[in-house]
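Below you'll find the structures, each written out as structure tokens.
You will see two complexes here that share chain A, one where it goes with chain B and one where it goes with chain C.
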Partner chain A sequence: MADIGASAAAVVAPVPASMPKRPGMLKRLVREPVAAIALAIVVLLVLAALLAPWLAPTGPFDNDLSVALSVPGTEGLMLGADGQGRNMITRLLYGLRATLMMGVASVLLGGVTGALVGFTAAFYRRIDGLLMRLMDMLLSFPAILFGLAIAAILGPGISTIILALSVATVPLMARIVRGSAMVVMRQDYIEAARATGMSDARLILRHLAPNCLSPLFVFATLRFGQVILLGSALSFLGLGAQAPMAELGAMASEGRDFLFFAPHIAVIPCLLIFTIVLAFNLLGDALRDALDPRLRV
Partner chain B sequence: MKKTLGAAMLALTAAALPASGAFAQAAPRDTLVALRSIDADNYDPHRSTARSNGEVMYMMADTLVSLDWDMKTVRPGLAESWSVSEDGKTYTFRLRRDVTFCNGKKMTAADVAYSISRWVDPATRSPVRWRAGNVKEVRAVDDYTVEYELNEPFGELLYQLTLFFASIIDKENVEALGANFGVQGFNGTGPYCWESWTPRQQLTLRRHPTYTWGPPIYQNPSPQVERVIWRVIPESNTRLAALQSGQGDVTQYIPHIAVAQLQRLPTVQVTTQPNYLWDYFFGFKVDKPVVSDPAIRRAANMAVNREAVTKAAFFTAAQPMNGYINPAALGYNAEASGLLPGHDPEAARKLLDEAGWRAGSDGIRVKDGLRASFTLYGIQDQVNRQIAEAIQADLRRVGIEMKIQLWDATVAWGKLATQEFDSFIMSYPYVSATDGLALYFDGTNRPTPNRMNWNDDATNAALRQARGGLTQEERNTAIGQVQRIVTEANTWIPVAHENLYLAASQRVQGARAHGIYGVALYKGLDIRLTR
Partner chain C sequence: MLRHVLQRVMMAVPVLLGVLFIGFLLMQVVPTDPATVRAGPTATAEVVAQIRADMGLDQPLYMQFGLYMWRLLHGDLGVSIINNVPVTQELGATIGPTLELMFASLFWSIPIGIALGTVAAYWRGSLLDRFVTALSVAGGSVPVFFLGLMLIWFVGFQWQWLPFTGRGGPLWSLEGWQSLALPALTLGGTFIAPVARMTRTAVLEVLGAEHVRTARAKGLGEFAVVLHHALRNALIPVVTLIGLQIGFLLGGAVVTETVFSWPGVGRLAVGAILSSDFPMAQGTILVLSLGFIVVNLLVDILYVALDPRMRGA
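Entry: the complex of A and B
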């Protein structure tokens, strides 16, 4: 979890609200070639996942046992077929869809919950200690253990993984949001807004939250990569997507049985996971640089 | 090209392994290292039914009678000869006089009487007590004569007595070790003696020096190797690599996909057993919604392409089943097998249409608001998953949905004893048609192992006759009747007869796959090491 701590610390650098919003954030983001490539890959992956039903050459569950384990390059099967004789391209597209969906859902669910906890802790200092100790407790549980525990109760499935990953995301997000919110809370304009008699909810929504958004976005992007990796690991252990649903981690797990004889079944989904995680990590880094006022030249 | 690549990668891993230090060293001299995937929880013949218990038990202990390679002929073991009374209720065994336990004590009729009595004693809680028949009394008439008296005839008895549950054990040893019997030690009459056990790693056996009473199915009546180490390597590819690099000598736990490649490798010898009885089937709980409809079960049987499923799951290492019982088994009924519907998805669709199951909006059929959807439970492993997913795809083609739920082996048996599922996938060893079918279709065996909840008077009556009939012909007719009933009711989707392969390294001679209760080495008396 050391890497998470490091990235979390790095993103706690809220944009002071006194600065005017600079135009062309996206432009500055894509000025870096690496970031531009990462962004392009992310866009491509998302498009591929969204358009899977139209892009896939076959239905998601169509199998033909007679071509099982065909190697890439076989007639009509550019990336080969898996152990059930299903077209790998189709499986990868639908697997990508499930994996990205899993990532988005867990980051959204965990992120929003974590942000709420973070804002509450920063705003109502009396319960700050209690909330943060709760978060510390959650932080000390490995996500894999969460996954196993939740799967034991609810049974394996995509929703189990999403729940486990969300719970694992909550404390991290809460920490980051609390950190940046505490800085913002000390700003004069908050005092001023409070002096006008604004309600707490309005104060949080109108003045506090918008000024904490950039670290939140950067963290969410970086966290997305980690969540995909963790989710794939949980799926690999059989806690995630159940047959015949395709999911990249589960596909890698299925392919493991054929590793010596048809390595493509495990290797290709792993490469895809690698690409997703790398792209999101690079994008997150670039986003952080682009949003960090101290790095402005 | 693909196959060469596979073989090359296997060889590569083998070459890389010693350097990685995954194993201590090559197999030691005069020590046979047998590799397997899983350990047993104990080595008490009455407290564990695991095959992994059996493979060690056959080496550490003996049974009254033994089973020939044809899986049909009963041969002498500790008993030189035996006779059966006219009413079929009393078996008299005459024992060999030269048998001793590992600690040097002579084996007598009292030991036999003790062993069988402990097996059938309800206090022992053996899960397979029924295999001993309805025992009235087992008594020692004199030191070398045993009378085995039953309350009712049991035509299968001699076959059951070849299984390791009927191993002869030493009362003093059992009482001295108490709950640690078969955990801290074991005193048997087998060709090898207990030396040490590190659970989940290895079990070491040493040659029984005075052993000369091996079953006549072997050329040698005595063991040829000084020590045997049963070593656990759970990961199949690692196991294969260990075999090829000489860190292990024999294994029957070969991934199906690797069999064809291994057979081509000059450094590995592979033997097979054509009469191996270990089947994979798919059972329906006949009293659950959807699968209680005979039309659904029949259509499912017609929808599944057994040949393609078998090839996808086992490659060359199994044959598709054409009936509920392997044709090599005693009591197989060819006429009943003819009643099993063949692969015909078109006819399956027609049958479902006629039965009122109409295609719904998502392609899954519906009848009176009930979706043609059911769940499958099973043990989580590669073969079960392959079979289940292939069947799932075949069923979807005719508009039936099957949800797969495979469980880790640690919880699977508990889950499979519940009523929360509609169908299940299972594999099992058996010695005869009656042995297999009585296990699964006897109404009194509900809810497990009769997970179909099949309780049919005609079946129960025929099973009673198959067990108790006085002549083999009478028993065959009765078990044939059972095969007809359950085949017509489509209680299962029979899937595949698994083949048994025993792979041995270059220095091993005389390894031959036997396969009793799924155990390939059996007593392994002819195995010799060249270096």
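Entry: the complex of A and C
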């Protein structure tokens, strides 16, 4: 069991046993300046979202119509106020919280379901064909159609978006997990574990899954950026978070009405979405390079 | 080749049936009763019952499904709850503008994306390559509505160069072109990054191939090598990947249409969903899904047509 880490590395990038131990993942990651900055931004954003209720200068729905549409830099309102006179900093913090939560929930729900499908397909070859055809069908429809269809049935809301993005994530994750699980399945230690009479569930959880984690994490990180981009677009269309809830895509949509005289209301949430997605994309790319140098092109 | 096409068509059939079935279910699970809505708020119970019978809503579910398929085959998608216009009529009016927008976006973004990707791959590791790579990572992170709002703010509002709401007219009029410019710039702008990235990877792969080395060895100029031997072969995966990205483009189109009040199917669908116009929502989603199945099928066939090596497979 001690060599699980080493065998995970072997799946990702086979290294001869005689090679000196490579430095740790995190060390390799932060050695790249771009990756280090992206990681720092991600940590900062997550902290800001978690601490939103304590960091926010006002309550999320507190408004003062006398300061409505104030531009950034106004006395006491560093980033200005929105159309209803709510402090932009507060709205952004709560919006960031909602957007990141939406992303985490979608990637977790879709990712775990997809991973289960992927492991099942790789492990029980008899239903592999059926499962993967099903995944291909899901894959042939874009996320926007899931979003529209689910919104038509359940009505707009943040849970609608989470469900749509999860459904769109399942087949992608299933493919990736199946691919790497098939490689692991051919390893001797799986055969050895099976020979000891271990149950299927235990074999999958203890031996198969831990050795497929790295591609899974890389995908989840890259997917997170895409999910935020898609989710905020659905929110922008009005299919997501409903007023007065703060969500970055919905805030950009609200700000559209004031674009010509108070552009900051739309532009700042947009910039924040861009920053989140960019940071996760850069981090995902760096993670992939660090875990599998062969993929670097 | 024909066998392959037939095989693909056969594989699309269950997906098609699935989509039709889900479209039918869509109407079953919505919380409002179509007969009550159609009858209006002042109708008596008898009138509602009469309308329910007329619409076939009193029949068992499998009969309703049959009826639904029958109507669908006859091009009847129902009538909008909001304005009483047949769904097919609204769809007919909006599909054109949506296709117009999508083609216009592809028309300028694909050549630019391919050029950027090729240049980056050829001078791999150079400052130019780094610039293109950075641009494609950043470009892939920009929300499409952000790009649209920025174009409206600068080009439309500050500089007053181009209109930014609605469709000015048919494609052969100046107004039509002017009103199409900003939406097409927006949607195409988000498409450059993925095309450039895919092209770069594909060209890099081909540049290392033996036939490229042979072409160089026989003294062909670099330009001919890249254009005729590398890019031409690299285009096969690129075309397929672009086909697979049409879903991404559709998502962008829905948002772009909303931002620019462009009278397309996407905007119609979103409007129908937000106003609980279920027949309209069902019709638009159904048509978009069917369109998608067809596009996937075409991409599949195109892939084989482009790459003779795939024909035996």
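Definition applied: the second predicted complex is superposed on the first by the 269 of 297 C-alpha atoms of A that agree within 3 Å, B and C clash if a C-alpha of one lies under 4 Å from a C-alpha of the other, contacts with A are read in each partner's own complex, and residues count from 1 in each chain.
Everything that follows uses one rule, which is that contacts are C-beta pairs under 8 Å (C-beta built on N, C-alpha and C of every residue); 3 or more make two chains touch, one makes a residue touch a chain.
The shown structure was predicted, so the numbers you read here are calculated from the model rather than taken from an experiment.
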Message = For A:Gly85, using the defined touch cut-off, is the partner it touches chain B, chain C, both, or neither? Pick first, second, both or neither.
response = first
Query = After superposition on the shared chain, which partner residues are touched by A:Ile41: those of chain B (first), chain C (second), both, or neither?
reply = neither
Request  = Between chain B and chain C, pick out the one touching the greater number of residues of chain A.
outcome  = C
Message = One more residue to check, A:Val267. First (chain B), second (chain C), both or neither?
response = second
Ask   = Is A:Ala68 contacted by the first partner chain B, the second partner chain C, both or neither?
value = first
Request  = Could you say whether A:Met198 touches chain B, chain C, both of them, or neither, answering first, second, both or neither?
outcome  = neither
Query = Where does A:Pro142 make contact in the superposed view: on chain B (first), on chain C (second), on both, or on neither?
reply = second
Request  = Once the structures are superposed on A, label A:Phe258 by its partner contacts, choosing first (chain B), second (chain C), both or neither.
outcome  = first
Inquiry  = Output check: A:Gly238 vs chain B and chain C. Expected answer is one of first, second, both, neither. What do you get?
reply    = both
Key: On chain A, the residue positions that both chain B and chain C contact, one per complex   = 155, 238, 259-260, 263
Message = Help me check something: in the complex, which residues belonging to chain A touch chain B?
response = 61-63, 65-66, 68-69, 71, 83-85, 155, 238, 242-244, 254, 257-263
Remark   = In their shared complex, chain A is touched by residues of chain B numbered 2, 5-6, 9-10, 13, 237, 255, 257-258, 261, 305, 308-309, 311-312, 380, 382, 385-386, 388-390, 392-393, 396, 403-406, 408
Task = Quick one: which bits of chain C touch chain A in the complex? Just the residue numbers, please.
result = 14-15, 18, 22, 26, 29-30, 137-138, 140-146, 149-150, 152-153, 157, 200-201, 204, 246-248, 250-252, 254-255, 258-259, 266, 269-270, 272-274, 276, 278, 281-282, 284-285, 288-289, 292-293, 296
Key: List of chain A residues in touch with chain C within their complex   = 137, 140-145, 148-149, 151-153, 155-156, 225, 229-230, 232-233, 236-239, 249, 252-253, 256, 259-260, 263, 266-267, 270-271, 273-274, 277-278, 281-282, 285, 297
